[in-house]
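Note that chain A is present in both complexes that follow, paired respectively with chain B and with chain C.
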Partner chain A sequence: MPDWLVKNQPYSPPPDKDQFINKSILSILRILSKLKSQSGYQMDKFQVNAALKVAFTFLLVILLSLSTSYTFILVVDVYLLVVLSLMEGKEIVKILSVSLAMAIFTFMILLPNVVLGNTYTSMMITLKVLSTLIAVNILSHSTRWHSITSALRRFGVPNIFILVLDITIKYISMLGDFSLNMLYSLKLRSVGRNNNKYASMAGISGTMFIKSKEMAEDMYAAMECRGFTGEYTVHNKWKWSMADLLYILKTVAIITAFLYWGRI
Partner chain B sequence: MHIPDNYLSPSTCMVMGAAMLPVWTVAVSKVKTEATKAKLPMIGIGAAFSFLLMMFNIPLPGGTTGHAIGGTLLAILLGPYAACIAITVTLFIQALLFGDGGILSFAANSFNMAFIASFLGYFIYKFIKDRAKTAKGEYLGIIVGSYVGLNMAALATAIEFGIQPLLFTNAEGLPLYSPYPLSVSIPAMMIPHLLVAGVIEALFTVAIYSFIKKVSPDTIFEGTKHKIHPIYGLLVTLICLTPLGLLASGTAWGEWGADEIKNVVSGGKQLGFTPAGMKNGFSFNAILPDYSVTGLPEIAGYLLSAVAGVAIMMIIFKIISSFHKKNSREIPKS
Partner chain C sequence: MIDLKEVSYSYEGTIALKNINLHIEKGEAVALLGANGTGKSTLLKLLNGLLSPNQGVYRFNHQEITPKKLKDPIFSKKFHQKIGFVFQNSDTQLFCPDVYDEIAFGPRQMGMNESEVAKRVNDCLDLLGIQSFKHRQPYHLSGGEKRKVAIACVLALNPEVLILDEPMNGLDPRTQRWLVDFLATLNQAGKTVITSTHNLDLVQELSKRAILFDESHGIAADLPTETLLEKIDLLKRVNLVDESYPFH
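For the complex of A and B:
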């Protein structure tokens, strides 16, 4: 056995900056975990039609934006809190953390405006941002995404758009997995100081593009083999349930509240 | 650059939606004719690519990180129309499913990122590339295109923010939406974009493009053969800038109305009277008087007038050039 193999040689790699790789890995992981948690969703106990939910959320967002009444916004907030309180704890944390972060950011931006004495508007805008985000996040956390996309079909969004939307959601997770592995290997192989990391970052994104092109070709071939002609139809039938009716009643209640307090 | 809901008024969002509808329609039909059905999955996967591209952090001086938008990059790789749809879909998923960027302001976000950043960036790239035919010229085109594309998108965002307090106030005169005027919003948006974000965008675009060109050159979008006339880029820029006209509270010099001319200051003195010829003269009632349309908010009328004005100019130019062609064809015959 050669001498140098027996000898103990301590190696302490010089500190290296790889914060940006960690951040990229984290942000992709966050997206992937959100996509994966989708498949675990239980269908709503009350099984409200997704189209109704989407329409109601859009309406709520519009009314919130139009309203100048503090009371109306508080009423909506209370309603949203009730809905939130009926969800699972894990979901509530996710929804609130995303929404509060953005609301606090908005408040920070509006802070100079508060100093100038315009407190009322600043509070209104912050509250509106918070309520809108909670409403949208409740929709996204309580409904399966493919039912949201098929609900859009009912609103007359063109087929091509919905097909593209579905493909995108599926491939965000596939391409995300793929690029995550590349980022891991870049991190593992950068022992000590590696000044080529920045160039590798472009390599990873470039490879991701080429890979996406290959995936698209494979996907088209597979679609054509299965008889895809460019048309995309929705098959599930609309069935009214008790829950749907209750949901419509809720919509009417919100509109009435808007007309009562939230004069434009 | 993702505008959340409630920063812009619903009517601004509607105007932006009205501006984006024709863009989307043209983009969908262009993609349908330009690309075969085989390209359809590519748009979806291109959208997934653009979504993930925004997740890639790049180190910045000072220990922070930033990310690119990739508007111009996608337009160069997929073609501007496909890129427009891909980025729109990305923004839609971000807004509806990830709560990033608003639902009402979705159209405004699409206008800034899917339309301005990708189309303007691509046109600048193509314009420079077609004239300087070397590889260096191409890279110069990419750098200038992505830098200007992103900064114009940021400028459009700043203008959308900045016109809110001018147009939408409550009874007490307090702003209902984004409270900062253009004098605040433009520097606040433009300084970081001009200094940092634009540079990142340009560097990232060049780096990824050169990598793809080296590894797999045939995957890049070929583009149309004919040269792009510089006037189109100028037109897009001018339309984006029209709301700025609202800033100038006075009337353009030499364009005074009969009721305004008496206040005109000339040589330190007010004119103080209305010339009789103007008072009783011919008054032309334009269809869009003072660039505002009844029943529409001022800004909507302004944009509408801008689009109409550009369309009319283009029609006139096309008519003139069609005469010109006819004449030039006749000359060799005689």
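For the complex of A and C:
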């Protein structure tokens, strides 16, 4: 046992700027917590089939883009706010903050247009952006990503594309966990001044690359062992429920509103 | 040295630790036992300051460890130098181009000159018996070799406390035996060693004191290891062993 190891280490760390490790840890934690919240019980709580939700959101985005009626957009906004109010407080804050930030950004870009007198058009575009973002965010927060990718099968998206999407989501989570632990390790071992911070980050990136390559190879080998020959079938069990019927009725109401106010 | 009072922690509403009261003296060797998901790894992260308790107090060397204090870079670095953490997956701990640089990472940061760094790295390489691959890339090493390099990296900082998260996982019996002996040597040299493990065959040699976690994420027993291992009903109740234990 070397002498230095049995003695206490008198040590005073020199000052250094290393906020980047903490910031990187926080940003990965945010992504991971978002992915983990996807497995929560609250997801799919309205019990509406994901394919219907995806189709309706797509349709709503198209109707919002086509509409020239201020009333229709306000009606859609009211509907979206009602749906939003049924969600959890944290989700409401997340959805509204993202959507409002983008809407404000759009409005600022359109500000010269407002100054020139085109207030109505500018407000319309801003409201359309806000409504579209709220609708898409509601879909993303109330439906599991796996359900969304499976629903894509209904719209003719090739199975292999769905497989790639599913695996991507899985790998973001797994490699995210791995990179988080690497950053934790870097943080714990960064006990002094590091003049080559970016070299450490490059080392982490390199290790991540090797790890992801190994994981991909292992997964392909495991898939082959389980009989994978390049064909991937997504199984969708469609079961009608009362919630689905109500959802369709609501969709019909929105289309009717579009046609009715579209004429005005 | 380490003092936890009524510490609780939860991940977004999921309880991971509940009302933990724990005191560990300097120079002790302690094993954390428990079924998967009982909170052992969370406790180790908490002891390292990677997580902060939602409730309760964590004191290290009579100083309360709070998120606010850990935000102070000087305090945080001093604290992390005193507590070394060996991760369960050694891959996550190794990010330098070769083993020498990997072990030298900490001492260089501590402001040592290159000759001091070289001495410390070589001492660590000798201590762990890994001198032969000091210029190899860490990601090309075997699981046992990576674990030795990870331990060397942490030892190079000369921490007062060494925390190991399931260090026996993925190691062959010979390397497991070597690791147990090595940790005992470090403990005899005055280091505080805290280990989480599932290995009931080696735990008695690893530590004199064992802390058992139950599925309610609390401490079910804090006893001398020998006594705890005799309480077979308790081990069964916390789902650490099944009916076939003790194995014959």
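The criterion applied here is as follows: the second predicted complex is superposed on the first by the 227 of 264 C-alpha atoms of A that agree within 3 Å, B and C clash if a C-alpha of one lies under 4 Å from a C-alpha of the other, contacts with A are read in each partner's own complex, and residues count from 1 in each chain.
Going forward, a contact is a pair of C-beta atoms (placed from the backbone, for glycine too) under 8 Å apart; a residue touches a chain by one contact, two chains touch by 3 or more.
Quick caveat, the model's predicted, so the values are computed rather than measured.
Go through the superposed model and pick first if A:G192 touches only chain B, second if only chain C, both, or neither.
second
Which holds for A:L84: it touches chain B only (first), chain C only (second), both, or neither?
neither
Applying the document's definition of touch, where does A:V6 land relative to chain B and chain C: first, second, both, or neither?
second
For A:S65, decide between first (touching chain B), second (touching chain C), both and neither.
first
Can A:I210 be said to touch chain B (first), chain C (second), both, or neither?
After superposition on chain A, A:I210 lies in contact with both partners, chain B and chain C.
Given the superposition on chain A, which partner contacts more residues in chain A: chain B or chain C?
Partner touching more chain A residues in the overlay: B.
Mind working out whether A:A55 is in touch with chain B, chain C, both or neither, as first, second, both or neither?
In the superposed model, A:A55 contacts neither chain B nor chain C.
Using the superposition on chain A described above, determine whether A:F161 touches chain B (first), chain C (second), both, or neither.
The answer is first: A:F161 touches chain B but not chain C.
Go through the superposed model and pick first if A:I255 touches only chain B, second if only chain C, both, or neither.
Touch partners of A:I255: none, neither chain B nor chain C.
Pick out the shared contact residues on chain A: the ones touching chain B in one complex and chain C in the other.
203-204, 206-207, 210
Residues of chain A touching chain C in their complex?
Per the touch definition, chain A meets chain C at residues 1-2, 4-9, 11-16, 18, 33, 36-37, 178, 181-182, 184-194, 200, 203-204, 206-207, 210-211.
If we count contacts the way the header does, which residues on chain C are in touch with chain A in the complex?
So the residues of chain C in touch with chain A come to 12, 45, 48, 50, 73-74, 77-78, 80-81, 84-85, 87, 89, 91-97, 105-106, 108-111, 120, 123, 127, 139, 153-155, 157-160, 185, 189-190.
Where on chain B is chain A touching in the complex?
Residues of chain B touching chain A: 4-7, 9-10, 13, 28, 32, 37-49, 51-53, 55-59, 63, 65, 77, 85-86, 89-90, 92-93, 95-99, 102-104, 170, 174-180, 204, 207-208, 210-212, 215-216, 219.
Could you please specify the touching residues of chain A with respect to chain B in the complex?
17, 19-21, 23-24, 27-28, 31, 34, 57-58, 61-62, 64-66, 68, 98-99, 102, 106, 110, 113, 118, 120-122, 124-125, 128-129, 132-133, 136-137, 139-140, 145, 148, 158, 160-161, 163-172, 174-176, 179, 198-199, 201-210, 212-213, 215-217, 219-220, 223, 228, 230
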